[in-house]
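Right, one structure below, let's go through it.
Read from first to last, the chains carry the letters A, B, C and D; within each, the first residue is number 1.
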Amino acid sequence: MSKFLNDPEDAVAEALRGFARCHADLVQLSEQPRFVARRNRVPGKVAIVSGGGSGHDPLHAGFVGRGMLDAAVPGEVFSSPSVEQILAAAQSVADDAGLLCLIKNYSGDIMNFELAMELFDLPHAEVVIEDDIGAAGGGETVGRRGVAGTVVVEKIAGAAAERMAGLTECADLARSVAEATRTMGVALGGCRVPTADRPNLELAPGEMEIGIGIHGEPGRRRAPVAPADDIAEELVYALLSDLAPPPGEPLLLFVNGLGGTPPMELQILYRAAVRMIEGRGLAVARSLVAPLVTSLEMPGASITLTRMNDRFLQLWDDPVVTPGLRWGA
Amino acid sequence: MSKFLNDPEDAVAEALRGFARCHADLVQLSEQPRFVARRNRVPGKVAIVSGGGSGHDPLHAGFVGRGMLDAAVPGEVFSSPSVEQILAAAQSVADDAGLLCLIKNYSGDIMNFELAMELFDLPHAEVVIEDDIGAAGGGETVGRRGVAGTVVVEKIAGAAAERMAGLTECADLARSVAEATRTMGVALGGCRVPTADRPNLELAPGEMEIGIGIHGEPGRRRAPVAPADDIAEELVYALLSDLAPPPGEPLLLFVNGLGGTPPMELQILYRAAVRMIEGRGLAVARSLVAPLVTSLEMPGASITLTRMNDRFLQLWDDPVVTPGLRWGA
Amino acid sequence: MTSASPAPTRSAEARALDALATLCQRLLAAEDELDALDRAIGDGDHGHNLSRAARRLDEVRDTLANLALPDLLRRAGSEIVMSVGGASGPLYGTLLMETGKALPVAPSLAEWATAFAAGVAGLAKRGRAAEGDKTMLDVLAPASRALAVHAGGGRAAALAAMQAAGRQGLEDARPLRARRGRAAYVGERAAGADDPGAASALLCLSTITELLGGES
Amino acid sequence: MTSASPAPTRSAEARALDALATLCQRLLAAEDELDALDRAIGDGDHGHNLSRAARRLDEVRDTLANLALPDLLRRAGSEIVMSVGGASGPLYGTLLMETGKALPVAPSLAEWATAFAAGVAGLAKRGRAAEGDKTMLDVLAPASRALAVHAGGGRAAALAAMQAAGRQGLEDARPLRARRGRAAYVGERAAGADDPGAASALLCLSTITELLGGES
């Protein structure tokens, strides 16, 4: 697992400089403290900020732009950003319309955002995303992890803010999307943090970890790799059991790559997932197949389902113009 | 190197079904013979068709849509499509305005397109793309391989066709873009074709192959992995030496991922490449950093440079709406 | 080609059809071996590509069975060209098509030799290849010349000479670097290895010699 | 904290500053060890995160040197909170900030114990954690209680009791599963392993005891 790196300690900083240079039309990088802000802010619009450890590209910085995030706050790889970063980002993008923080459910992220918001004096609201049903343990005490479903929350809340919805409305909406969203992942191998000397997950060749977290956290079971159709079926079954969508309710199906799995395999999983969902008389109303919430170069994928409604669908279809997600404009 | 697969022989077919279902608004899949066609064809427009072995997603099927390709003809993984596929695709999308075939320079692709065109009776032109300067040998007899630069040719020719340029104009343009484009790649490991039982390139951990081809063909030298800045410098130096752009000429810089390398590392390479180019008094006028011409899950990257001019720049900036590349509309 | 009801008299067409069927079985049996040769200096799919050709010919067996010899070869070639892809599809397909085009309906051995030479020329043109480029041509070209030279001396001897020349061609090409196809990129590494297309060509020649070399 | 010109009289502030400097060195020295503990049941960066804290404190040493004891702790805590990130940044930062808030300018040992208890309570609140969740709290909470109980009996004995209670806390937590932080996801696998935050907390207590337990 060699990597294209200079000093591994500089990986996040150098990558962000490259990213900001490449997408200078859409975003602007603050280096000290470190955050990425949208270039053409809309005055009077609720500002949406998200953040968390790096290594999940394009999440979050790749979703800064029109119709999604106003700022992203990247920590070190797999490590929550600091309070001063979050605060500086919030101060740079929010005005009296207020600030909505979208936070993935990890101790560090929660505490750092919380502390930053204690120091932030404009109106603000926080929504915690916990969509991952993959973990065997921990759910009772720390709640579910926040993973790929974050993209769905950021997209829909971002569209509402772009339509000039107020802070409470945006926050309520984000919360209801988060509640309607579940994800489960599977890994075929680990990944290596640039500053570490070995992978964070040891899987024997031919093994898979079902329920993997996006930092290589263990899931619910380890087994020999099964055919793609069976894997998709296991994930979809678990998601549908948890979400229990009534017949006729439109679903969003998002097959996410964890980094090392090529599009061909994601498409094979997606096809299997569609068949299984439709086979149960449910409708796949919207689809997304792409590596959007990655775990460095981890070979693996996750499947996200969101129970949609007319409002969610409209906002999902609204234009989005960001480095990582772009349509309709 | 486990994969998400059912019967490996079905990988291409299943993936295409998933792809077509996911992007049903933009493309339509013909299964027998196999090709992907644009959904909203523009009558009287020069049709552009490309194709080649599968395993390079999003190339080519991911570039079918407005402002780029009218059809893509996918072969088996790393294997040229057949004449009947190419012919069926051509017949399905071309009208009297004619057909432009964009062909990567591989024996199989050339011969199959050539044979198909011998059977095709509307006006047509072929442009062969050979941008890869990475190979040590072979260049004299078979010419350079066609790799990531194909995206640049497809984008610019596609925009011209969308502007209703005629067949000769589109073909001449494609040829001149191809001539102005050079690519060189580097791999940190191999990849495995679904139907094969081992990787197609054996690199020891910590080794890199400079000049790698997109099917794992050997390059010009194998060496211990160097710092990202040094690698970028070696590639950019070779490209600039070959292209010899005069000072002041705008350049397109495209850092392409080969599949297994995460965005963070591509951005680090991109940053290094920009610095090197600008350090030599040249201008990076347009940038693209993404895995667009991949080699399954191969960890690696390539750098493409195109000498741009006003016409190329305008056409590059024109709207493109495809599954794999989307902007400006 | 699974079930074949033998024709009342074994016409040249029936013999060709049977030979083709056996050829296809041999190619299918050699799939892994040919893939392995291609893995060494190409992309590892030569056997796989030829297995597509073999399966396609099996599918159209009934159609082929109704054709005269020249059309049978042309049609077999065009089926391969149309369906196989890769480099070997157009090449082998062209070989058969051009051979068929040059063949009279009831060819003598000398006419076979002439037609085969035309097929080989078509293949070389299609591939822009010359002998010594380390391709299937290195087997087929000397084989076709040997067949022409020995066409006067009885089928068994002529076919044996053809096969021997093909084998010699494979061996002569072994130390060379490749100048066409994917193997052209591996440079020095190709030297010492057998070209997969040359190996499959020799397999075809050997099978034909074995099957038809005994008949008079 | 590289160069330190000793104050003419060793004030409580100067002693605290020196202790902090030594603490930071110890944490930097323990970086790999703490990363290894975190790799086993977390994400392998606890030592790395604390090294960021240590470097930041070194950077602001001159600022801290001008502050009274309560402000010194508050400021050190807020520097950590502001700059470190991860889970341990807010937690250790809150511990210092809340301890500082509760501290008088010239605290007695008993007042130190009270303030430390306030700091620990702040940390628990911040982390929504309780003892037995297998976190740094399992070391800090019993340590702070022991300090309070023994605060009347002389600094050396009190600090020794604090450290012993912390060590006991680490050991008591060892067989537990984690209920907070990333280790909560590894389930049974956490049982038998030391929590990295608990280990770093004990390292801090031991360093303080060693440095200040000798002075009267």
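A few comments on the model shown:
As a working rule, a contact is a pair of C-beta atoms (placed from the backbone, for glycine too) under 8 Å apart; a residue touches a chain by one contact, two chains touch by 3 or more.
Keep in mind the model is a prediction, meaning the values are calculated, not measured.
In whole angstrom, the spacing between the mean C-alpha positions of subunit B and subunit C is 33. Averaged C-alpha coordinates put the centre of subunit A at 55 Å from the centre of subunit C.
Per-chain Cα centroids separate subunit A from subunit B by 29 Å. Distance from the subunit C centre to the subunit D centre is 79 Å, each centre being the mean of its Cα atoms.
Taken residue by residue, subunit D touches two or more other chains at no position, since every residue touches fewer.
Counting partner chains per residue, subunit A shows two or more touched chains at no residue at all. Contacts between chains trace an open chain of neighbours here, each touching only the next in line. Contact between chains, using the touch rule, shows up for A-B, A-D, B-C.
Interface residues of subunit A facing subunit B in the complex, by the touch rule stated above, are 1-6, 11-12, 14-19, 21-22, 54-55, 57-58, 62, 188-189, 194, 205-208, 225, 227-229, 231, 259-272, 274, 287-289, 294, 296-297, 299, 301, 326-327, 329.
Residues 39, 43-45, 48-49, 81-91, 93-94, 126-127, 133, 177-182, 184-189 of subunit D are the ones touching subunit A in the complex.
Of all residues in subunit B, those touching subunit C in their complex are 75-76, 78-85, 87, 106-108, 111-112, 114-115, 135-138, 141-142, 145, 193, 195-196, 200, 213, 215-218.
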